[in-house]
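Some structures are shown below for you to check.
Common to both upcoming complexes is subunit A, partnered first by subunit B, then by subunit C.
Presenting the complex of A and B:
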């Protein structure tokens, strides 16, 4: 094949590259620039102010609380969604008569809008809501809580709702991973006398690593970028108790501090990149091939 | 895949594609309609040369019952001028953000319903909105102040009422229990105690909506300042004094918190929202609420037999009633695409006939010299007699703040969530206030 023919293939990339540059690269670069400015609604001029916005992020206690909450949400949901996702996938990979129905049941919350979830859960999580009434009915009234208005637990509650909603999606990816594992490995392990746990640990988990990697990435990035769950369930409250980086960005724009808002957004982008890429590389190295 | 399955899949795919194309088509049509230029017909006295024009009016979804956007008013305007008013209903909690973004990217509606005090802090009034000093209806205004900022008229309204803020109370419950309107905080607690003993919740606090927690302090702070330190807000806005410098402010916040701690309120104050309030009063589940007189209008619309009134927040002896600078005025952005038509809409609303119809239906105090103020509803007449005529009203704190107040509302909510005490609220607000003023470029910060 001559050089011009080889290059011809690359010409086809140009339209996509152009659109990608216009709609992603340019806005991202503009955002990076504006994060170093005092861009505000009420100012006619935009001034370059260096690292001021970033300094402010790390000295403002609400912003620091938001960063802490985002970290808690990300860690809790990554662990919850993946552990439960694997457990559900393994359970529903067995020969149950109702497994298709159950798969659909567990998957269905993930296709609902967060707004719908909020409408359903908000009354359930009130002090006099369904959850607390169930606790009272089974004699566990000491566990009753103001789930969405107690500052100490509100972010954990939001994380739990998110786990409830999205675990089915993670389960679907794990199911696909499980179904790609050859049954011969399990047959050989059974002949060698391996029990269920040993088979799971030595066969399922290693061969499921590609699916685990995908899910870890998805849940981690989703967790760090959390916005809608917090916004619709608590609005970042009570007070600022459940603010996360996403809601702080909205708040900054609402206050007219657009430079600060873009700085927080830039920081979020950097944090996701710095955390996600090394993790992805590390996990890829652990993968084994069949 | 079997042949049948393939046929089903192909059919589905074709269906989806058809729907997608139809959706794209309808989207364009909608946009064209919204942007305005097609069509013809209609009346011939419009300002758009016989061509049908659609102007966009953006307002918060919570204001959709505004008299300006009553369907019969919009229909009459369209019939007379061939100008259609298209409403953009913005989510209540995002109205400021959406409008700020629209103004920033020049995707401006032709009219905005907002309130004057917040427009000065949230929307950069001077830069973004048209000065209306030379509009024909201005010469008929009785009170220009309620529509003015920076010595110019920036907004439109047919009424000169400002929202009155205090304690909305159920007169029937008070009468049944033989209660008098409390004149100070101790009397207020005694009233709460008696109402509680009767099995009714004395006060409904819907503090899921954090702005509702500001009604008490907004009136109390302003009343104290007016009586004890008239230049206080000027000093605060110049950085010479801080909010936490006034010990009475912490006392007022403590008082509101104490009403909750003593069990005189609904249990789940941080889960209950303002939209539940009308139901609470209709069902006589609650006797009082710290709110504006708009709540009384909302309840009366549902049941005129529920008799509500308003008294001043009883933080101290002989307190004044809070007069809110807020309200729902109309503004025209400088970059409105249909400026002439938007002004024509204001002229239509200001016409003697239309304005009279609106003040009559709303029981408002007219702001036009040739429009007669109707007989006021009982609650409003009482406010006029007891507070406005004897000059016992004070503009609430919001009137003096030139920065976004939402962080203060969050801090107030935080007090009830147990995160901060009253002094902590004021200290945290001092920090945020200082930062916001600095961002705004105000000298002294």
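Presenting the complex of A and C:
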């Protein structure tokens, strides 16, 4: 043990540790401090003001709406990306002739920039856009909507675009998980007379658990950090109807109210950590038991 | 016999349904692609049809007006340097983290792992970079990308290096090699596939990102392609044919990378996500 400590010299960790600490950890810690100050771009002095920023966040209607929207976006995309991702993966794990082509098609949007997809969808989501025209053509004009300008649904629209783009990525992780399940289990189950739904529930789902865990965590954390989709599709509008935490931080940055902006970021940090840590502990426990 | 026939029917049904569903993915992308070759009035219907006349000139015009040559080079510089930097630092760190089985290395692994979860603190990062005196520079953006991707890369490398038998390094140590030598001569050749995965993942996420350039690149001559496209989108909001051509151009590098490196993406996802 002692010998191995000497052999594996610590200095190989330093470059990564330094870059990561200076540009990621240090700002995070500094943010924790500045959340409790009245730090503004246009003022020289920075005063400690206790919980004032947080009080303001929880009494300001726009900021509250941004928090609510972030939560809606995260929940909707977690459910959508994972349910559809599992369904696609199970389908594309079957012996289909066009299997490889279909896998590539479903995966393809997730390699493109969120910017590209958001801009492509902008004209299609207008009230005279492609999507409403399709609804009208098939006699479903009652479903027509002002997708991006109706405050009541705009955050759902943004979530739908995100699901459209990234479900393929979740599908790929689920496919990798499915391929690590031995075929023998299914053969045994078939001999025992289990139908496909029964096999799915008793074999596929439990053995897919590592992939489900990692996907839940990735989609949840990604959902809470949402920024680019909203920034490009709506800019937070109409009015402030689709503001999320990420766009509020940009706005505070632009307005120079940096203390408030970092406080919003600190809240996001706290929310993500509180939700992700139990998932993490659960995953590590699984690893140990394996 | 009847059983396999039933299976075959079910497969056809699933296949038919998935092909229909895939149209939902293909159609918007084709609207963009075909639209990029249309005239500015023809494109405004935003429906799926072939251009009456293929306007290849859209692409040359976008390249000139959007200043894309410069943005392309900026993007290439930023993505390649931050990927290479990230590969070197993360793989070296993971090697030690995995091999030294001490409390400290366990703690440091969690310390890095937190980076997968915690959101970046943008405003204070700007402050740190300002304080160090290079806010607004390409160098700052490269270092920030390298740091943002450290957590994910350490996660991938650790999983993989753990599967390399320790006996291999021990032999080398007995022959008198030092840590540095063992890492470069024994471990580095073995982790080439992970290097490829990390390179591709970092390349794709950095190339596609608009957030960091938006906050950190104050001078538009340093912008990467997607940010230039965003700027162009604001200015030429009526010429959708040019906007679409712009979008296609900024997507080309990742598409080409994807086509050539598919197997590394899949193997990386398997190693990192499912086994790790």
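The criterion applied here is as follows: the second predicted complex is superposed on the first by the 264 of 290 C-alpha atoms of A that agree within 3 Å, B and C clash if a C-alpha of one lies under 4 Å from a C-alpha of the other, contacts with A are read in each partner's own complex, and residues count from 1 in each chain.
Convention: a contact is a pair of C-beta atoms (placed from the backbone, for glycine too) under 8 Å apart; a residue touches a chain by one contact, two chains touch by 3 or more.
For clarity, every value in this text was computed on a predicted model and none was experimentally measured.
After overlaying the two complexes on the shared chain, residue contacts for A:253 are found with subunit B and with subunit C alike. When both complexes are overlaid on chain A, the residue A:102 reaches subunit C alone and has no touch with subunit B.
In the superposed model, A:55 makes contact with neither subunit B nor subunit C. More residues of subunit A lie in contact with C than with the other chain of the pair subunit B and subunit C. Once chain A of one complex is fitted onto chain A of the other, the partner contacts of A:187 are absent, as it touches neither subunit B nor subunit C.
Of the two partner chains, subunit C is the only one that A:272 touches; subunit B does not reach it. Residue overlap on subunit A between its contacts with subunit B in one complex and with subunit C in the other: 250, 253, 258. Of all the residues in subunit A, the ones that touch subunit B in their complex are 38, 40-44, 56, 60, 62, 122, 126-128, 146, 148-151, 235-241, 250-251, 253-258. Residues 11, 14-15, 17-19, 21-22, 24-26, 28-29, 31-32, 46-47, 85, 88-90, 92-93, 95-97, 99-102, 108, 111-113, 115-129, 143-144, 146-148, 150-151, 154, 169, 173, 178-180, 182-183, 204, 207-211, 214-215, 226, 229-230, 233, 240, 243-244, 247, 250-251, 254-255, 258, 262, 265-266, 269-270, 273-275 of subunit C are the ones that touch subunit A when the two sit in their complex. Subunit B contributes residues 93, 96-97, 100-101, 103-104, 122-124, 127, 208, 210, 267-268, 270-271, 404, 406-407, 410-411, 413-420, 435-436, 439-441 to its touches with subunit A in the complex. Those residues of subunit A whose C-beta lies close enough to touch subunit C in the complex are 1, 4-5, 7-13, 15-17, 19-20, 22-28, 30-31, 34, 88, 91-92, 94-98, 102, 104-106, 108-109, 111-117, 119-121, 123-124, 129-130, 133, 164, 168, 172-173, 176-177, 179-180, 210-211, 214-215, 217, 221, 224-225, 227-228, 231-232, 249-250, 252-253, 258, 261-262, 265, 268-269, 272-273, 276-277, 280.
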